[in-house]
Structures are given as C-alpha cells and as structure tokens.
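Before any comments, here is the structure.
Letters A, B, C and D mark the chains in the order given here, with residues in each chain numbered from 1 onward.
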Amino acid sequence: MNEFESTARSLVDAGRELYALGMVPATSGNLSARLGDDEIAITVSGAHKGKLDTNQIMRVDLNGASLDGRRPSAETLLHTGIYHRYPEVGVVLHPHSVNATVLSRLCGDWLVLQDYEILKAFPGIETHACTVNIPVFDNDQEIARLAAKVDACLADLDRAAGYLIRGHGFYTWGESMNDALRHVEAFEFLFDCEMQIRGKRQ
Amino acid sequence: MNEFESTARSLVDAGRELYALGMVPATSGNLSARLGDDEIAITVSGAHKGKLDTNQIMRVDLNGASLDGRRPSAETLLHTGIYHRYPEVGVVLHPHSVNATVLSRLCGDWLVLQDYEILKAFPGIETHACTVNIPVFDNDQEIARLAAKVDACLADLDRAAGYLIRGHGFYTWGESMNDALRHVEAFEFLFDCEMQIRGKRQ
Amino acid sequence: MNEFESTARSLVDAGRELYALGMVPATSGNLSARLGDDEIAITVSGAHKGKLDTNQIMRVDLNGASLDGRRPSAETLLHTGIYHRYPEVGVVLHPHSVNATVLSRLCGDWLVLQDYEILKAFPGIETHACTVNIPVFDNDQEIARLAAKVDACLADLDRAAGYLIRGHGFYTWGESMNDALRHVEAFEFLFDCEMQIRGKRQ
Amino acid sequence: MNEFESTARSLVDAGRELYALGMVPATSGNLSARLGDDEIAITVSGAHKGKLDTNQIMRVDLNGASLDGRRPSAETLLHTGIYHRYPEVGVVLHPHSVNATVLSRLCGDWLVLQDYEILKAFPGIETHACTVNIPVFDNDQEIARLAAKVDACLADLDRAAGYLIRGHGFYTWGESMNDALRHVEAFEFLFDCEMQIRGKRQ
C-alpha cells in the first residue's frame, strides 16, 4: 500500500466513523489529508461519506485544482486554505452535525466557550479556566470568497482549532487523523453542551 | 436473482437501515419501488420493517390492486400516487420518525425551510439561500381521499421532494434507492434542526 | 430445546434488544412469559437485563411463588396480575426508560394520547382520531398493594395495553413476544413525542 | 493471564463500553482498578478510552506515584483518594458525559435526587422515597487541592456512590467492575432525567 492508498483508506475509515455519529448525513461533509508538499487527498463531489470507497478519494493541488480529472468537493478551497495557513496540519475534516447547524444559527459571529474541562482537548489549552472564541461565518456558495473571509479571520487569531459556518456545520483539523478526530469529538461535545444549556436557561 | 428479487432485497435492506435509525418503529412505515411500467413492489401490511424477509414484499399494480393475492399496506395509494405523478421516480419511502410526528403537529399547513446548506441534497436546489415549503396534510384513515389531496397539492408545486402527514411521519422519493435514502436523511436532519430551534427560541 | 428453554431464550433476546435501546439500564426492568396454565418464566432478581443468561430465567407460579428455590424480581406480582386478568396474554415486559420515568413525573394520574397514527399499533385501535388514556400509578415498594391498585384500575378499562409507574418506567404486554415488543416500541415512541411536545409548547 | 493482565483487560473493555455510550469523548475520562493492597492499575495520560490497548494501562501506588516509569492520568489522585477512603472499593470510573457536564453547571453545590426507582441501584438504598445528595465540586486543575476537598466532603457523608465536577463529568466506584458500571448507568440515567425535567418545567 503506497502513501496515497493508506491516506485514502484513513479517510474512508474516518467517513464511516463520522457517519455512524450522524455527522455527515445525506452526502454532506467532506474530508481531506495532506500528501507530500504540494498535494492533498480529498473526497470527490457528491459521495456518501459513510460508504466511501478509496476510489472516491482524489488528488488536488494546493490551489484546489484536480490532478486526476475528477471533480473534487465544491468546498475544496476551504480545505486548501487551512493547509496553506498551517504547515503542520495533516488532516482537515468538515462534519455537518445537527448541533453545529442549529447552534451556528443561534449565535452571532463568535461562539464563546468557557469553563469546560474538554477544552483541554485542543492544542495549547491547559486549563478549563479560559475563554475560547470560535468564529462563525455566514454561509456562502461562493467558496473562494468564503475562504478569503475565513483566512483573514484566522490570521488574527493566535491559535484556532476550528470554525463554524452558519446552517452548514464546522471545520476542524489536526496534525494527524487522530488529532483531527479528537477535535471533532471535542467540538461536537461542546456544541451539544451549549445546545443543552440554551434549552434550560432560557 | 431476477428484477423482483433484487428490488425486494433493496427494500429489505432499506427497512433495516431505517429501523436502526428509529424511523419505522412498531411495524410503522412502508417502502416501495417501481417494477417495469405497470407494477410496484411494496411491503405487505403489518410487517416489522426492520426485520423484513423478501417474502414480505409483494406486487401491486399502479392502482394499488394486489397482483399476488396478499394484502398490501393500507397506504399503498399514497405510493402509487407518486409513481403516477412523477414518471422518473423509482423508489418511495415512508418513515415514521418522532421528529416528523411532533414537528407536523407543531406547524400549520406548510413547513418552511430556509438557509440550510443541506437543502442542496434535494434535486434542483443549488444554494442554501432559498425557501423550501414542505406541505403538511392532516392525517386521514380514508387513504384515497388523502391521496387525492396530496396529488392536488403536488400538482401546484414546481418540484417537491416530500411531504408530512400530521402525527404520522413523512413521504419522500427519488429516482434510485440511494436518492430516496439521501432525501430521508436530509429531511430527518432538517426536522431535527427545526425541533431543536423551536426548543431554544420559544 | 424444550418449551422452558425456548421461552427463556426469547426473554434473553428481548433483554438484549431493550438494553441496546437504553430501556433497562443498571439492572432495572424485568421480563416474563407464560409457561402452560399455571406457571410463568421470569428474570431473577438483580440480573443485568442486557447480558442475561438463560440460567437467570426462573419459574414462578401465578401467585408469584418461586418454583425452583431462586428469588424472582421484587415486582413479580405486577407480572402475575396481568396473566390473571388477561388469559390471552403470553408476555409481560417492564422497561425503565428515561422518557417514561420523566413523563410519568410530569403528568397526573392519566397520560392522554390523541391523534397519533402509531396508536394503531395497539389492539382494537383502528384510527388516530381517538383518545387513549394510560394510567399512571404512584410508585410503591409494597408491590402487593401496588398490584391491587393496578388491577382495580384495569378492571374498569375496556382494554389496556400498558401503564406507567411514576419515576419508575412502564408495563406493557401482548399475546406473543412480537406483540409485546411492538407495544414497547409504540409506547416509547409516544412517550418521546409527548416529551418533545412539552419542551416546545410551554 | 496474571492479575494485572486480567485487570487491564477489564479496563480496556469498560473503556470501549463507555465510549460507545458517548461518555469518554476526545480522550477524556479515566479508569482504574485496585491491584492487591498497595497498587492500582490506571489508564495512562492522553489515551483514547474507546480504543485502549492493555499496554495503555499502567501501575501506580496509592499515593499516585508511577511504578513503571510512565505518566498516569493527571487526575490519578482523585482515584487513589477513593481507594484510601473506601477499602472495599475495587474499581473507580470517571466518565465525561454531556449530561453530567451541563447538569453540574446548572446546579449548586449539591444535586438532589428524589423519588426515582433507579436510586435503588446504589448500595444501601431500598426505596425510591428517599433523598440522595450528590456533591458537586468546582473544577480545579490543582488535583491535590481538589482531591482534598472531595475527601473532606466524603468524610461527612454516611455513604456516597459518586460526585460531580462542574463542567467536567463525574466519578463513581464499586466493589467490582459490574458494580461500578451499574453505578455509571444509574447516574447517567438520573442526570438525563434531571436534564429533561429542567427543560420541561422551566
């Protein structure tokens, strides 16, 4: 198994895990991983993320151009933007959960997270006694425009583990697949907590 | 395996998937697929949809009459109505989820969906920035009467991917089983989102 | 496999199903089935209902007395009461779900169910357009006293498919295991719907 | 298989069960069991609790000092505190569920539980008609300080089956793994009930 094949296999496995958690329904979501310096592996457009085959994983360059003639996800530029900005990142995941979709519609431009022990799952956070601001972007079918807004925002943040798109889900990433999946679990847990609290306090 | 057998097998598999998602409890729900020009395959009356055997799939004509002496689902005319109206449709699914049951009791004659990225799972929708109106019909044990109301409503809609029956679940369809199941997942996701928002905003 | 063994096996299987649905947590709940005219098979006291072995199923007579020296569930008289009252009943199930526990604390002496298609899962109900009153009893560790109250109430009902015990779960039954499990699924679905509606309308 | 290996295996299995229930996401939570008089087996720092290998279980003494050179969970002193206080306890589990995290932020210094049948899952409780007070501690990254507060509180309680840490999850324990897991299930069920009631009554 060469590097592309083992990377494609890890994306297929991650898709199956995320689907079982209800986080990539109805062919939503997409997944990618870095391949060497100039390429990434990413899911093709329209695939069912819970039942991926490795031949539904394709190659694009860091500008999002197809390297094998197939059509990548419409949101490929949101993936390549992260690989450009963070050289250490090896995996980018975009789950599309109910909690992320609804919570992003209930809050403004930032989701503020405080006093959760699980915040320590994110890099550089050593205590629950901190404030983590997660950016929330308005959804936009013009992906290049949205990617530019995301990048401008991330440029101003010291460190970010992910962001929300309103009514659309979230993006998170990590050095390895294990790191990225840990961030998915931590975000989803936090979104669920925030949804539960909003149902009780209001 | 002939066409009937492979179609019956696809309905058995879909039933097991829907049951695992809690969408066809207590023998509720029913499933069908088109067979050639004049027939459909449909679940027999009273079967457990999560533990179907292919011999619980029967043939009816497009008027809902049994072609093999067995008794089809009481709601067969709601299936045949869709096959009459949409010649391209190959599969009709009727899940009976908690979200669809409750949401249909909380809203009026239309469920209005806006600004959800997942709306793009439905045919002809290219952006979240649109309004999709899903009809909600009062439940009726007189199925021919209900089918006529559904048909009159669908005749006025440019394009529809499904409808709700109050306190009873929803119907959706597609050209293939994959299309129909994608629509089930997208609707259920949207119903869940709408239920969550109603719990938080009111 | 003799009758006791096949009956015990069906109770073990039902326990595993109910546990997977979260309905018999922490050794709660109990399950029984009629054996001939004068005996029932029932789970022993304190067993984990999701990991039952057939040797955790025992025999008691219709007065709840152990026929094999082991100690049956403390709630055995609630089971035998149903077998006395309804000669056609072959299986009695007592799940202990969160929805049943909380809903029984939120309502008075009756849970009123109306306009749900799934009510047709219960015997003798042919339309959603009906009112089904489910009795809710205060919990009582004096099981003989509670069983007497239940029996007096059921004597006044034309037909009953189950009842709730406040903060404690519900009882339901059927001629066969399939019937009883269908009633479990229908009740749990209805309890879930009622919980969801209460969260939205208030 | 020696005692350490069989104990490590039981912790691996418990981790897989808790992960499937969503109670140890994103490498949160930790698990331990007593080994003889002076040692415990405990999960190493940072491991994924749903995919543990027995070589991710290590030995520490009852003061929390590593006996094999590896780094135990940061919260090891919360485990050893329980083994010191309760000589009969053989297993300590720390799940990190959404319900425990949110509920502990919604209540004050005590969670008061009353009139739940499932309270009988805890040792020494024979009736639902009782009041069980579960301590809730503020989260603290200074684990020795937090462990001292926990111990001072438990010293004043006649009997305790567990406690909450605000925004962080809960601790529970038992003589055997089965006892400890029964307490996990009973607590999680109760936390879920309390969350549901708060969403309906307010």
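Just so it is clear, a contact is a pair of C-beta atoms (placed from the backbone, for glycine too) under 8 Å apart; a residue touches a chain by one contact, two chains touch by 3 or more.
Everything numeric in this text was worked out from a predicted model, so none of it was measured.
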Intersection of the contact lists for subunit B and subunit C: none
Equivalent interface positions on subunit A and subunit B, same or different at half: different
Angle of rotation relating subunit C to subunit D [CA atoms, steps of 5 degrees]: 90
Mean-CA-position distance for subunit D and subunit A (Å): 32
Centre-of-Cα separation between subunit C and subunit A, whole angstrom: 45
Sites on subunit D at which at least two other chains make contact: 199
All pairs of touching chains, each written as two labels joined by a dash: A-B, A-D, B-C, C-D
Complex contacts: residues of subunit C adjacent to subunit D: 25-28, 48, 96, 98-99, 101-102, 105-106, 139, 141, 165-169, 195, 198-199, 202
Contact set on subunit D toward subunit C in their complex: 115-118, 121, 126-129, 178, 182-183, 185-186, 188-189, 192-193, 196-197, 199-201
